[in-house]
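Note that chain A is present in both complexes that follow, paired respectively with chain B and with chain C.
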Partner chain A sequence: MHRKAILFLSPSWILLLLFFITPMLLTFGFAFTNLSLTGTDAANIQFIGFQNFTNMFQDPEFRISVFRTLIFLLFSAVVGQVVLGLILALLMKEKRRGFRRFIGVIVIAGWVTPEIVVAFCWVAFLSDAGTFNAILQGIGFEPITWLFTFPMVSVIIANIWHGTAFSMMVFQAALDDVPKSVQEAAVIDGASRWQIFFRVTLPIVKGSIVTNMMLVTLQTLGVFTLIYTMTGGGPGNATQILPIFMYNQAFVNYQFGYGTAISLVLLVIGTVASLLYMRFMKVKL
Partner chain B sequence: MKVSKKELVIHYLALIFLAICFLLPFLWLVFASFDQQATQAIKLPEKWTLDNFTAILSDPSNIRSFAIGLFISLGQATIVVIVAGLAAYPLSRYRLRYKRSFLLTILFMTSLPITAVMVPVYQLFLFLNIQDSIIFTTIFLAASGLPYAIWMMKNFMDAVPIELEESAWVDGASVLTSMRKVVGPLMLPGIFTIAIFTFTGSWGNFFVPYILLQTQEKLPASVTLYQFFGNYGIIEYGKLAAFSMLYTMPSIILYIFAQKYMSKGFSLGGASKG
Partner chain C sequence: MRKRVKGFGLILLIFVLALMTACSSSDETESGKKELTVVYRSPGSVDSLKNFFDSGVLDEFEKEHPDIDVKITPITASEGDYFSKVALQMKSAETAPDVVSEDTFMLNSDANAGYLDPLDDRIADWEEWDNIIENLKSGVTAEDGKVYGVPSTSDSRGLWYSKELFQEAGLPVPWEPKNWEEVLDAAITIKEKTDGVTPLFMQVGKANGEAVSMQTLEMLLYGTGDTLYDDSDKKWVVDSPGLLDSFRFISQVYDVEKVGPDFSVVMSGQSGNVAFQQLFPQKKLAIALDGSWNARNWAENGAAPIENVEEKIGFAPMPTQNGQEPGAITMSGGWAWAIPSKADMKEESWEFIQFLMEKDNSINRSLTDGNLNTRTDAVEVEEYVNRPFAKESQAYLENAQFRPANDKYPAVSTQLQTVVEAIATGKLTPEDAVQQYKAGVERVVGKENTKVAE
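Up next is the complex of A and B:
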């Protein structure tokens, strides 16, 4: 090994070891302790085995928040962002350049906007006297207290609004890579448009769809700010997905051991998704 | 593929409908920020005014939080670019025994949600007695941004032909000099992309400073904006919108600036080249 290589790699190794790998190892360690509050109590830390996990799996709040996390992932990441992103990219294909740009800029504005501002926009949009209820009343419907009556739907839609642009751009790039000659050949062979889409276009962009889906899933798994700002996990605990549950246990109830055990669950889900992602990407090094 | 006229009209209508759905929540923010009598519903200001902006900007504590946010984000971006640049060099240029496992580890780390480690990170910061420190928050953020930056930096560096460097070495340049004078300038677009990506990610990050910083005077704009929402958000929509607009501006400006480089980054097919 070159001496220079070690020299050049060491700053990154030190930073990653200290602030990335150590916390991950600590997650494994702390998850089996009764670590609570801070200061003096932190000194009396005790190993309690699988106690946190037994408690966790018996905690109905935990089970329901895993369920909510899966709902959030399914509808806001997989169904929402990926499908809507694909629809947008397909619709925008072969349209006038100016029009494409115009639509693109509007969708991307939601993506560039920081999560916390996204939350404000949607709190206002969905509030009792907000724009959406004004439109509903305009066409003769009763106003609805969205954030209270349909809190999960509200945060899912806000997250779709924020994230779709990424999928759209990935799919646009993928669709642009589909060679025109292949499609033309299919047309000459008498294939219908649906056949071309399912038999030609889709197989070619399949790789991008799968990779993008994994990336969006991983990204959505870590969503905290959007929900924390919009609903704070409420009303009640209606939008308490795992990151919020983890935060509440660790920083509101000061149950750090328990909070870390929840972190570990998040990390395990993330690890599985991440390994799948690397598999799909077929990394060649 | 010929699309019938009728279908084309449906396409355009569908796109315009979707665009309106995407536009409305954001448009509220823009209008409300220029309107002193802003409400929750979108409406054109009766009188366009900058009063909301001047009110936010005349509060020194808001200016301070913007400055802190800028310091953290610029600091993080600088550390990330330098450290990732150094790390990418041997990964791109040398044959190393553990290169494959190192790169796989890096790729694995890029996709882990940082949210999941914040509880132990807080414990670590308490243990090392470095909590409530802007500098260490910046360094932590830099570390969390490193995996992605190293991965990108290596790919960008692979695109720079080694022959150019060799001629610099022949002329007596050291590796560091050739990095600075030859490789660096050639991959400037890549460096900008990574720097801008890191900066905007950090600028928009609320969770990390919210956990790691406690003193009111040390909080960056993302956290003070959240507090403003909690304290006045329900009444002063105009000011909240103006604060949000000022906070969103750097992200938008940098995005426009980075757009021409970033388009390349979206073809995931090419990202697997290691």
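Up next is the complex of A and C:
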């Protein structure tokens, strides 16, 4: 019986090994080479030890990119999507179904829209001669070059708009699971609404919050299309977060090895952030 | 139940087999002809090279070579993405095209990577090689001294200026500045004498990538006598008086005299289109340092047609810093036809390249796409020279300089773009910019490969 199980599992194991684990290990290995798309290095791949990493940490552009990534992560993922998603879910709780549906559809529209379409919508909205400026001018304000003057704010808002629905849905599901009896018990004990929220509701949905934060964080660390389409990482390097920096090194400067090394750093940031959330919220997954 | 499984297995087998045959590449077409694949970059909506191929040239070639079926496969992509896609294609014999159009600045890298076949033996027996402009041949010669491509189109750079605005401001027309100072003075005069006009446009926004390095910084630097790279000892020049002066000029234009365009225009990836398709036709831009190909915008079928354009706009040569020899300079780029080393019908590839470079075909192509021709005898063809600005553009090629033929150029160019933008926006002084550039280049090419010029 046992042998049969191995036999039947082997195809999936072989596929996983071939198409999942091998490329992962290769990626790890390539981060320590001078792998390049063209040039002498392309004909002659060499193991160069930690060179890519020492170069990276000496590069002021890299350090700023990490900083920008953290800003983007904090405001668009943690503050924006998670907090806003939670507020939306709370506000919609125990409202009439028609109202829930109506608001839900509007918020989820942002989420089901493909990233590239979201980017185009926001460019059309914020560009110099875009919708927003047309409205501003209509009510007598000077137009503002949003994508040029406030690039980071623009992409953060666009990402929040795109991603909030996901958090909202996760929280809605979690809040619906909070047993009414617990809350009623708290009310009888004389707890205020704030106390109920912070002492009763929040601890119960803590697990969902951490899971959601991790998912949103990892998703935000991978945002590329949105920013690349809206600002191209610019103006200057104002919105060059790590994924864009990585792309530029790999596909503009053709240094694949270096790009791969940057992707490992991105992985580390994601892992550290996830561990921190779990630690901070005292949750075991 | 068992029957069903068998039936399913059979379907699966057929599916897998079909997939395998579909994947296996075969150069034999159904009619038994050999298939010659040609890859080039298409800019998108207006693909002038495709129009040229469709104009009957291919039929002519296929008539002469009945066993060959030419398959034109344009790649619609930005320049950077095109290089990546082509490099990936050339890596494998399965996907390598037979003829590839290479930007001359990637030619050296791709040759070093072993993607391209040297053509020296072939051009030795080819009479037409002597008819190619001598200066352009250095653009297709790699570091190892071998020729890897046949120059197919070229370009030059200079100062586009609005004759109408110059007259309004009381500046001489035709304009031929003798040195940088005269360029700056003209821009300042425009600023004082006209209203709502951008005096001088130079690409400085990183979003425009290579244009910043080539159209702006290198057009300045190579007019000082200094260079980016020293071919004699194969070292990158990370600090030179010329570099500092070039940085200072950019700072003068954008930060000190403020005669440059609005930052919201110049920082966007669309700045070239805005300048040449909107500002120039609307008489809102006086001078622009940019490439010869921009004339295409104003042609009858261009993006922003201008009637009698040569009366309204002029194309002046870019002077050297102090007017030193040779008086004017241009950077030159352009494209070349090359044969990938993993192509499987190189003889036929070479036949096709020779065919494309025949005088009539070569000139017809230039007439269709508006680029500069690479043949010395093109200037004898009336139809070619009579196009607006063709004579000037072609003449500037005499003083053409080329970008360093070195693998690391794209990475160095990125460093340049960063500092140029920082200077223009006033975030770096020219002196600090040199230091930052030096540190950046030392990091990407290794300190041992750099030097400081006296």
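Throughout what follows, the second predicted complex is superposed on the first by the 252 of 285 C-alpha atoms of A that agree within 3 Å, B and C clash if a C-alpha of one lies under 4 Å from a C-alpha of the other, contacts with A are read in each partner's own complex, and residues count from 1 in each chain.
To be clear about the criterion, a residue touches a chain if its C-beta (ideal position, glycine included) is under 8 Å from a C-beta of that chain, and two chains touch if they have at least 3 such contacts.
Keep in mind it's a predicted model, so treat the numbers as computed, not measured.
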Fit or clash - chain C, chain B, common chain A: fit
Which superposed partner A:D59 touches (first chain B, second chain C, both, neither): second
Touched partner set for A:I71, first chain B, second chain C, both or neither: neither
Which of chain B and chain C A:F251 touches, first, second, both or neither: both
First, second, both or neither for A:G234, with chain B first and chain C second: second
Which superposed partner A:T145 touches (first chain B, second chain C, both, neither): second
First, second, both or neither for A:S274, with chain B first and chain C second: first
Contacts of A:F224 with chain B and chain C, given as first, second, both or neither: first
Winner by number of chain A residues touched, once chain B and chain C are compared: B
Three-chain overlay, closest Cα atoms of chain B and chain C, distance in Å: 5
Chain A positions touched by chain B in one structure and by chain C in the second: 38, 42, 128, 251
Interfacial residue positions of chain C with respect to chain A in the complex: 80-81, 83-84, 87-88, 106, 109-110, 112-115, 205-207, 209, 263-264, 267-269, 407-408, 410-411, 414, 418, 421-422, 425, 440, 443-444
Chain B partner contacts - residues on chain A that touch it in the complex: 1-2, 4-5, 8-9, 11-12, 15-16, 18-20, 22-24, 26-27, 30, 35, 38, 42, 84, 88, 91-92, 94-95, 99, 102-103, 106-110, 112-117, 120-122, 124-125, 127-131, 133-134, 161, 169-170, 172-174, 177, 183, 187, 193, 196, 207-208, 211-212, 214-215, 218-219, 221-225, 229, 243, 246-247, 250-251, 256, 259-260, 263, 266-267, 270-271, 273-275, 277-278, 281-285
Touching residues on chain A, where the partner in the complex is chain C: 36-43, 55, 58-59, 61, 128, 145, 148-149, 232, 234-237, 248, 251-255
Contacting residues of chain B [partner chain A, same complex]: 1, 3, 11-12, 14-15, 18-19, 22-26, 28-29, 32, 39-42, 82-84, 86-87, 89-91, 94, 96-97, 99-100, 102-104, 107-109, 111-124, 126, 139-140, 142-144, 146-147, 150, 175, 200, 203-204, 206-207, 211, 222, 225-226, 229, 233, 237, 240-241, 244, 247-248, 251-252, 255, 263, 266-269, 271-274
